[in-house]
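Please see the structure below; I have some questions.
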Amino acid sequence: MSIIDVRNIAYDYAKKDDEGKEVESVRALDGVSMEVNTGEFIAVLGHNGSGKSTFAKHLNALLVPSEGSVYICGMDTSDTANTLEVRKSAGMVFQNPDNQMVASVVDEEVGFGPENMGVPTEEILKRVEDALNAVGMYAYKDSSPTRLSGGQKQRIAIAGILAMRPKCIVADEPTAMLDPKGRADVLRVLHMLNKEQNVTVILITHNMEEVIDADRVFVMEGGKVVMNGTPGEVFSDVEAVQKLRLDVPEVTKLAFELKKKGLPLKNGILTREEFVRELKVLKNMSGI
Amino acid sequence: MFKDITLGQYYPADSVIHRLDPRVKLLGTIVYIASLFIGKTFFTFIPIAAFLVMVVILSKVPVSFILKGIKPIIPLLIISAAFNLILTPGDSVIVKFWIITINWEGVFMAIFIILRLLFLVAGTSILTLTTTPTRLTDGIEKGLRFLVPLKVPVHEIAMMMSIALRFIPILTEEADKIKKAQMARGADFESGNLMKRVRAMIPLLVPLFVSAFRRAGDLAMAMEARCYHGSEGRTKMKLLVYSGRDFAAYGVIFGYLAIVIIMRVFGL
Amino acid sequence: MELKTQNLTYEYDTGTSYAKKAIEDVNLVISDNEFIGLIGHTGSGKSTLIQHLNGLLKATSGHVYWNGNDIFSEGFDRREFRGHVGLVFQYPEYQLFGTDVLKDVCFGPKNLGLSEEEAKVRAKEALALVGIDEKLFKSSPFELSGGQKRRVAIAGVLAMRPDILILDEPTAGLDPKGRDEILDSVSAIRRETGNTVILVSHSMDDVAEYVDRVIVINKGRIEFDGIPRDIFSRIEELEEMGLSAPAISYIMRDLKDAGFNVGDGALTVKEAADKILDNFRRGHV
């Protein structure tokens, strides 16, 4: 059974004028489907306004579809009786690290989710310890979140979700406000959880470099999924991706440029290692 | 200017005061405030000062931290001292000019009021400096639980307080940033008459409110996503259980209260 | 026009055990028509430094000179000076407050003492430079998209017609589309006004593509100050400071290590492609 099963959903919201009267209905999602299996690392790519954040909120029952249905671990999110169970199964990390923290001490912050779930005290303490160790922040358990860097705060936010022991983490642009180091740390933690604890990860992002190591990529535009496949497949069409005003990794751009100028390189080169390897093959063939 | 506000700031340290049950500290603070108003003479500042010094030393909070909290209330101190200096009736006139008379009673009253306010701010700041907002609100939630049957939303009040305290440092930092950004656009917050200064605050306050609402919306969503649904079925990570030192602290607090009351009764 | 710093040092919590030097002994000269990239990791002191450049912070020791005058000397008009050295903070959209876009952008010029009309002229000119359509002038700034808000905020500083424009991570948190729009606006500003721009950025790729001079700050000190080509060839030293070089620099280094004769100095995709193709062509001759 797939852990996430999104069946042809649409989401409309009402645009209101100053007096609160409904002016028009805007379709933010339009015919989106997605099936995700346990243990996958999925990236959802798109620029602001593409519908990717609206989509993410559907996976946590923060929003329910206007048409179609979303099943998380077999539970229909539209049924309010399932809401809490859905949120326990699919935890969500948001973009702004400051705005998602409730408590003023790190360990209390991580314990907030389990407290809401009614987990017994002893068990909460254990979960908080495990979660903080998993993200490498145990040493900060008594600190105040205000004193941490953005990347550290985001790792705390991830620990706060982990302590709820979810099957799946939905991270909605968790790195958008971070510096390169914080960005790398957060990504490392997400990949580690995916590999070592078999947590399914849905990473919403607009940063290409973060997508390269995903199992599958969904590209969204105008509320629809316009491309999907492995990173190599998606990026093999550099011009199509650029037309969506999304970035392509520099190395992919370079390979594409060389190909245009006549070097017979393969499509969708994503890493430096791959690029150098391919060029070496060419070099040997041409006998330089 | 905003960075000086220590209200609601927590100073992490490992001290007896930090470890005390928040209910003890809450009651202690209430007793301390009451003692300031029970005392009518300068002599009462002796036990008050002794009590405060003891608590500060035990709390391991640097004195500079507590003094920093006093800085923002200096204008208030000056205003209330001035009023008392001028308005206190008395016969021992020192100087008299125009319609203003200053007498010794006024001088004493002004000093008395300044001392009282200083002790008030310094003492109450200890509560938040040594208690995390979560513990504090836990203390309020549990300490006020007897009000639940009266349909008082104790959990909700406690949660609101906790979040407000959590966001004070974030919003003060933000206010500082916005102030600097507007100064970079030539804004002038420091000169002009009162009206002009109030008007100059608009470019600071509007963005600050917008930001506070945006943050509130974000936080509400994040809380919901983490299964928050009120107090029903909620457990606690850190339980409040009285230990020996809490009972000892209650003893000290009531002993202190007794001393202050006795001094009042004997007119000291 | 010349902005100069002399032995600039700024210390936090002077006299206490927390005392920490945010910047130390900074000497810089910034002149006309430069495009400068300022890089340094979080906490390196770059934010502190730029706040000194327009007089928002006063150095613990050292001086800032504007056309030879010390900006903290008696009688120096710092408010007017801030109109010459425009500073756009990180996430500048959080400073918007006006009831409409045009009024918000007029705030800066009006603070400089200009008339309503003159302020409007400047505001419209600045909004045009950042590519905000006239149709949006009467909209509330809070109804715009993230990228638009930020461009309006930049226009708010630009409308003061600064000689030097400092942008603190202007693309932070934006998607590629928003980022490109901002960087295009910055290029347009450079082209139309010829003003000096200082771009504070974490993106080495952006810095490599746009600027003519790179200043690297580490632990409060200026480590490097020179042309991008030279500075980005020092990959190891940059990494020691918690920074990196542009992606292309790494690719070219790997190619060199693998025995390709691609030379030094390529920083952009185009430069790199030319060098690689060159390598293959020469091989055939």
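Labels for the chains are A, B and C, by order of writing; each one numbers its residues from 1.
In this text, a residue touches a chain if its C-beta (ideal position, glycine included) is under 8 Å from a C-beta of that chain, and two chains touch if they have at least 3 such contacts.
Since the model is a prediction, treat every value here as computed from it, not as a measurement.
Contacts between chains leave no pair untouched here, as each chain touches all the others. Ranking A-C and B-C by contacting C-beta pairs places A-C first.
Between the CA-based centres of chain B and chain C the separation comes to 41 Å, rounded to the whole angstrom.
Separation between the centroids of chain A and chain C, computed from CA atoms only, is 30 Å. If you check the complex, the residues on chain C that touch chain A are 41-42, 145-147, 172-178, 180, 202, 205, 242, 244, 246-248, 250-251, 254-255, 258, 260, 269-270, 272-273, 276-277, 279-280, 283-284. Of all residues in chain B, only 64, 174, 177-178, 180-188, 202-203, 206-207, 210-211 touch chain C in the complex they form. Residue ranges of chain C in contact with chain B, taken from their complex: 16, 51, 54, 56, 79-80, 82-83, 86-89, 92, 94-97, 107-108, 111-112, 142, 156-157, 160.
On chain A, the positions that touch chain B within their shared complex are 60, 62, 84, 87-88, 91-92, 94, 96, 98-105, 107-108, 111-121, 124-125, 128, 142-144, 146, 160-161, 164.
Those residues of chain A that touch chain C in the shared complex are 47-49, 95, 149-150, 176-177, 179-182, 206, 245-247, 249-251, 253-254, 257-258, 261, 263, 272-273, 275-276, 279-280, 282-283, 286-288.
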